[in-house]
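Order of writing sets the chain letters: A, B and C. Residues in each chain are counted from 1.
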Amino acid sequence: MSCIELQDLYKRFGSVQAVAGVSLAVREGELLALVGPSGCGKTTLLRLIAGFERPDSGEILFGGRSILGQEPQQRRVGIVFQDYALFPHMSVRENIAYGLKFVPLTRRERVARVAQLLHLMGLSGLERRAPEELSAGQQQRVALARALAPRPRILLLDEPLSALDAQLRETLRLEIKRLQGELGVTTVHVTHDQEEALAIADRVAVMQAGRLEQLSSPQELYHRPQTEFVARFIGRGNLLPGTVVQSEPDQLIVRLEGATRTLVQVSTGDATSALPPVGAAVRLLLRPERISLGDDRANRLECQVESLEFLGEISRLHLRCGAQELIAQLPSGATEHWQQHIGRRITLSFDPQDVWPLPPSS
Amino acid sequence: MGQDGSRQLTPLLRRAGRVTLIALPLLFLGLFFYYPLAGLVQSGLSSNTGFTLERLTRIFSDSYLRHVLLFTVEEALLSTLASVALGLPLAYLLTAYDFPGKRWIKSLTIVPFALPAITVALGFILVFGNNGALNRGLMALFHLSSPPLAILYSLQGIVLAHAFYNAPIVTRFVAAAWERLSPRYEESARALGAPRWRVFLNITLPMLMPALASGAALAFIYSFLSFPIVLALGGARFSTIEVEIYRRAIIQINYSGAAALATLELLIALLFTLGYLRLAARYARHLQLATPRPTRSLLTGPAGPRRWLIYAFIAASALLFVAPIAAVLLDSFSRTWQDQTVFTLDWYLAIFRPTYSSLIAASPLQSIWNSLSFAGASMVIALTLGTGLALNLTRRRFVGRSLLELLVMAPLGISSVALGLALLRTFVRPPLALSGHWIAIVIAHSILAIPFVIRAVRPALERLAPRLSEAAHALGASPARTTWEIVLPLIRPGLLTGAVFAFAISIAEMSATIMLTRPGLLTMPVAVYRFLATRQFGAASAMSVLLIAVIALAFVLIERSGERALRG
Amino acid sequence: MLQRTLAAALALALGLSLLGGWVGPAAPAQAQKTQDTLVVYTYSSFVSYGAAQAVAQAFKAQTGAQVRFVATGDSRIMLAKLITERDVTGHPPADAFIGVEVNDLGTAEKHDVFVPLSAKDIPNLADVPPEIQFDPTGKLIPYEHGFITLVYDSRKLSAAQVPHTFKELLDPKFRKQLILEDPRTSSPGLSFLLWTIAQFGDPSYLDYWKQLMPNILTITQSWDAAFDLFSKGEAPLMVSFSTDHAYDVIVNKSDRIRVLTLNGEGYRTIFGMGVVKGATHPQLAKELLNIVLSPEVQSQLPETEWMFPANLNATARPIWWQNAVVPSRPVELPAAQVSANLKRWIAQWVKTVLGS
């Protein structure tokens, strides 16, 4: 069942339409990531849920009931900001205990709850410290503990990882995922980092210019984006323009544009959306890691190797097929082999189920 | 070789700069504050036979002086309370809401603080007096035969006038801090379930504490040292220590008695300063800053009963802050003629006539020029010396830092009557024979303003997260460049507050000025005083209006140009 | 860079101030002390209403010398300033002083400010009636006098409502209706205190004050402050001068301010002037005092000083004489008695009225 439902929300700040007709439902216990470039309206959406902003129109339901009439302090949301906003004049313990003052608990229950959270977050022994005496990771844990202490109906995370260095970010995002899974608290996580969103979310909502582009599981989002924006924003991809020449229930035949005019077989599998008709212009999304550098797959293309990029774990091969540029990924162990192919023509291939047709951009 | 040379030279220069930054202000204070002060304290603590505490103990054994002492503390505490009660909501309105003309109002909040006490007293009598506009309005409205509100000539009249003066200080200090306070703290607390008033009490207030403590401490000290207001609105039955000092020194030719009282007054004021420094240090924290804080429209923002509460508060504030000034303005355009009050330009024409110029021993234009140039010079000196001291006090930890802090804050606790007296006695003799020179007045004003600048700049410096300047250092900027390009722009509100207050202190100062001035060096407040003292009440009002106009204009200009200079 | 900029600014400021110290003040201070400029300390209103100008012109015509008036406060502040500056620097800053009130005779005497003068020094003294020649040592010469009385605001009180005796002034209907001046700082205030002592006797005057207290609105520092409050209608009764009605009629073309002589009395106040001991130009100073007592200057005093001239040959316009009130029974305590008891009386008054 859905825990939180946003219905057709609009919010404008002066001349900026921050949120333009967003509807989505957050399911009980899931971790939903709200991702998009900066200024896309994701933080505004979060602030609408928390109650810091009022929508111009639309409805927000918690458990089926409208909460628009409620002040932030009545909504029972837990929030963690990018800068954590730990109260600098309170100790770690006082920070965590602050929200417990406003729920009907006995003193003993409060103490127990704080102790439980300190333990859960691995903060035991730090309870008397001032926030400024903590490391960034510890501060984040305190912020999480503080937000979770009053058992919120929903946890809102506003880019809590973006101020951290890359390594710490990866550690902490795993910790957030583990914690969220253990506690089962419904969470909305706002981030501009698509990798972070894919890594921890049960479902990901991509926003652009105040609108919701797509809401689906990370895999679906990655492999079957609904719009060109999503395809470009999530991961790396090669977009090959072409025209549908044949459309069947589970497959398409597309003729690629350009000199080669190659025919490509596209398996659409169990896709639910309507397939493009014959004659329609489409773009085919081909992920770099799905390209085979040989002619062993069903679809083949003739290319010229332009350059090679060594990235440690993997390497990237920059290819050109006529006017079309392509990126292919290969294990870094194969780098030296392919080094010799620069400037040469090769054949690459891919399976029909590894390409995905995108509707033409509007 | 050149490379090596400069590499060795730079730290040397840097250290020289650092030493200068702290040595020069101290030299200035030593020469022009501590040296004269030593003479004053010596007079207070010595007799023919040498050192004695007799004059001090005599103060405590005199029941009248004990009464004066207690009244002064009581009056100052109540005034501080009133200033905070008024200044804090005003700071909130300025921080949380937008309204047309807000920038102007912000620039002008400080005007009351800069008004000479005699002008304020005049305005208060015209508005809150028994025959004032408020009482006459109520009498007409409710058909009363006698004035219903006895406000003046009592403790509450003094407290109200002190709130008029000092609430702007509180507002100014608190608003500067509030504007830069990240709203995330309050939002976090609200999300945790705290109702608005709890958020304010638990979160906002503690974070504003350094600024609030600064403002309140200044309000206390200013009320504690207040003198012409108490004289004018309280009368002899409500004397403060400062009034007694004035009486002894200026009229009763009892310099050593005045010096003893001034010493005691200084001790008490320093005690409070010390307590407040402790308090401020306790609350000093590195906070996240946000600029700008989101605001709502005052016209459409507040809703329900909240809205009416806000509007009522604004109306009451307008009555307190605007009405007295408006009343002086009206008064300057009216005179009694054949038992009628009639409109007239006589007073304005009068103050520009040569006979009136000889009356105040200067032309009004000359006194405007004097006031502005003294204030400008004092502002530059106090801002430079004060910021230098504040940077040192905030950044570095060294032995005796708290002692140094107390030393540089001490001028705050000195009565301007006593300071004027001490300076006068110092300046008539070598080695500092500055008597009758404009520099003497500028020095007195600068000394009074330096602690204010420090107070205004320090909270801003303290709230500055050290990682900001560390970041700049890391990017290769020298400490001087870091200060200039990172620190100063970030503490802009503090600097502006300091500048504005230094200017205000100078332009309003009368007690010390009147002792150090000579014909030709007359300032505007002294001119107002001269007119009043010679029964020229209309001319005094006209001169006051001129002063108010000059002050208002100066503040708007300072803020605008200051914002531009520091932004650019 | 900033530190260097700041340091430069500091050095400049300090340098300026020191330079000012060495060069600045010497110039004006010494220019004022040139051979033939007589320095006179007086109260500000003496300069403001033109009396000083008349004196200066006559002085220039008669002696060829200049006179410079220094008037930065009222008479008591100026006397204190003179004494303080003399004590600090070791030499008196002025040659003559105009404006010592009769009750400040003791202060002048105690600090040994003035030199004795003879009738030969000041020929015009011959035309001054002996009853106002208050200084038995002959140091201070009277130049004007007047009477402290009550005045009332006829717009607030009708003639039928006003008190006519000290006793009637205690009536509860005058609650907070009276403005007084502080006897410690104001001459009219002190005169009123002495008047109550003359009226009720030494310890009993304090009882009167106790009873009077509910009717006092405020006790101001100076007469100016009191008159300002009175003019603005804050209270209908004030301790002031018996010439206030004439002032109102002549200056404001008004009939608002009226004089009340309690029991038909008024307390006499006299203002004197003298040559300062150690003066640079004692002879010129004497000539100046004589000019102040000349009939020409004296005739200007009524409508500039709003006091009665000391010289019997002085003239005034009829409108002045019609409206300036002379109490039928002038009251004054003997100067010796005042000098001997003043300190105690004031201390007792402070204790009784201002509280302990």
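The rule is simple: a residue touches a chain if its C-beta (ideal position, glycine included) is under 8 Å from a C-beta of that chain, and two chains touch if they have at least 3 such contacts.
The model shown is predicted, which means the values in this text are computed figures rather than measured ones.
Taken together, chain A and chain B share no touching chain. When chain centres are set by their Cα atoms, the one at the greatest distance from chain C is A. A summary of chain positions shows that the Cα centroid lying nearest the centre of all protein Cα atoms is that of chain B. The geometric centre of chain A is 54 Å away from that of chain B, both derived from CA atoms.
Separating the centre of chain B from that of chain C, both taken as means of CA atoms, is a distance of 34 Å.
Averaged Cα coordinates give chain A a centre that lies 88 Å from the centre of chain C. The part of chain B that touches chain A in the complex is made up of residues 182, 184-185, 187-196, 198-199, 202-203, 206-207, 283, 285-288. On the side of chain C, the complex with chain B involves touching residues 1-4, 6-7, 9-11, 13-14, 16-17, 20-21, 24-26, 28-29, 44-45, 47-50, 53, 70-74, 76-77, 80-81, 83-85, 88-89, 107, 111, 155, 176, 182, 184-185, 217-222, 224-225, 227-229, 231-235, 252-256, 350-351, 353-356.
Remark: chain A residues 50-52, 71-79, 81, 83, 85, 87-89, 98-99, 101-103, 132, 146-147, 149-150, 152, 156 touch chain B in the complex.
Residues of chain B touching chain C in their complex: 13-14, 17-18, 20-21, 24-25, 27-28, 32, 63-64, 66-67, 122, 125-126, 129-131, 150, 152-153, 231-232, 234-237, 239, 247, 250-253, 255, 336-339, 355, 358-359, 361, 380-381, 384-385, 387-388, 424-425, 427-429, 431-440, 442-443, 478-481, 483-484, 488, 514, 517-520, 530, 532-537.
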